[in-house]
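Each structure below is given as structure tokens.
Below, subunit A partners subunit B and then partners subunit C, in two separate complexes.
The block that comes next holds the complex of A and B.
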């Protein structure tokens, strides 16, 4: 039986990077086809392929790490760097939308009435649902920390309870935002106010959904005994991502909801 | 009997309040030791979730003082932009269109003379 003389993980050949790339191609071109020719087939196909790729690729990673022992300390360190770099790239992604918001709101053009909020825009009261949303996400940051310590201390039941609570808070946020989107007196088509508001908060909402899903997968894995008190990087990555989502919201709240109202 | 007396003596010494408080303090100082999960559990139920509840109450109270009237329609050209039709429905309504509060470029639906 062959053995490696190093602690690193030489990954076996895998089709998922290719299927992921194909999915990206089908989704982007599918989006263009939908916009111009009103057919959703290509985009739907791309979406299906994306979901299959994500499921199978991450399933393979769980198998490699949890069941086959490939995630040695150096490998885990690499995964940590990877997650940190990814989250950093997402920070820059949001930075762009904040740039757009401040560009338009600090020097409002005459077409908007020379003021911010623009003439005719009725803004949301920052001390109603947006404040509740802030409390919900901050609370979820507390519960996810409770979950982390529970895992580290081997408190299985507490970990499951606190993680479930975190996910429920995430769902509650999403529900509240969806209601806000429906009740808002302005739309995405209401000039630069609508564009900056819905694109920034919309991408944030998408990240909340992604983060909640990541945490839900961790919950499933915790129930199935994947995590040990010393080795639970999947959970840590999910918690980091969740804190990032929370911080982005705080910036959104202060900038767009509060200062921008 | 000497051994038993010795054991009982050492047990009594270990149970001294000074030793116990030293143990608790060192556990807290360890921070990420045995007490941390309990700390965050307490924070959850005493601070975080009540904070959410207070905000929910605030919402409920504010909602009652809302008028649910339709805002006045002014046909501003910088709002309700329709450069390109939306790829769904009749192409004139946004994704989260609410007929009660979202006017179309010509005005609110069902209110056109």
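The block that comes next holds the complex of A and C.
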């Protein structure tokens, strides 16, 4: 049996990069087929393939780290760099939408009435549900930090409680935001105000759902004893992502909901 | 006839949408069940099965990690590969197969 003489991780050959790439192909071409030929089959197939790929790929990473011991300190360092770089790329993604918002709102065109909010747009009161949403996400930032300290101190039950609370707060945010979307007096088709509002907050909402799912997986792993008090990078990555989602909301709230109203 | 029933015919729709449904159900049902067990002090405590998993995945059998877990792994891999190949064929074919 061969043993490696280094601390790095030489991964086993895996089919998931290929299936993931094909999933992306099917979803994009499926989208085009849906637009032109009214059939959603290909797109749905692509989505199913994406979910299968994500489940199996991440399952394999858990196996490699927790069950096979491949996540040595240098490997963990690489994973940290990876997560930081990924979150940075997401920051740039949102930066684009903020650029679009400020471009349109700082110099409103005559077509909008030369003012912001544009003529005819009834904005949401920033001190009602949006303020509650802010409080919910800030509270979830506190609970996720509580969860982290609980894990580090070996407090299993507290970690489970605080992590569950974080996830529930995330769901509460999503529910409130969904209700706001339903009740909003304007739509995505209402000029550049509608576009910038719903695209920016919509992508943010998607990230809240992604973050909540990541935390839910961490909860499952915590219950199954995967995390130790000094090795729990999966949880740390989820917590970083969650803080990022929270910060994006704060910018959204201040720029679009408050200043933009 | 309701729209969902109209689309229910044997073939890719049956396979993909149904499999998607079950996958989502499977993924989301586990969390609340396990969290509830972890909360209740009266129920038997969740056992630490990590050492068993470590033994399984460190077995010297030459299997790659994606099928090292057993039969379920192989079935899921085959299902995934089937969708990959079938979907690829559909994308590149001149005519919509379904």
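Assume the second predicted complex is superposed on the first by the 261 of 261 C-alpha atoms of A that agree within 3 Å, B and C clash if a C-alpha of one lies under 4 Å from a C-alpha of the other, contacts with A are read in each partner's own complex, and residues count from 1 in each chain.
Everything below uses one rule, namely that a contact is a pair of C-beta atoms (placed from the backbone, for glycine too) under 8 Å apart; a residue touches a chain by one contact, two chains touch by 3 or more.
Quick caveat, the model's predicted, so the values are computed rather than measured.
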Touched partner set for A:199, first subunit B, second subunit C, both or neither: neither
Touched partner set for A:168, first subunit B, second subunit C, both or neither: neither
Subunit B versus subunit C as contact partner of A:124, first or second or both or neither: neither
First (subunit B), second (subunit C), both or neither touched by A:155: first
Contacts of A:136 with subunit B and subunit C, given as first, second, both or neither: first
Partner chain(s) touched by A:22 [first = subunit B, second = subunit C, both, neither]: second
Subunit B versus subunit C as contact partner of A:75, first or second or both or neither: neither
Which of subunit B and subunit C A:87 touches, first, second, both or neither: neither
Subunit A - residues contacting subunit C, complex: 1, 11-16, 18-19, 22-23, 25-26, 29, 33, 37, 39, 41-42, 44-49, 51-53, 55-56, 60, 63-64, 66-69, 157, 160-161, 164, 216, 219-220, 223-226
Subunit B - residues contacting subunit A, complex: 32, 34, 36-37, 39-41, 43-44, 47-49, 51-52, 54-56, 58-59, 62, 71, 74, 76-82, 84, 87, 94-98, 101-102
Subunit A contact footprint on subunit C (complex, rising order): 12-13, 16-17, 19-20, 23-24, 27, 30-31, 34-35, 37-39, 46, 48-50, 53-54, 56-58, 60, 64-66, 68-69, 76-77, 79-81, 83-84, 86-88, 90-91, 96, 98
Residues of subunit A that touch subunit B when the two form their complex: 34-35, 38, 111-113, 118-122, 125, 127-129, 131-132, 134-136, 138-139, 142-143, 145-146, 149-150, 152-153, 155, 158, 162, 165, 169, 181-191, 194
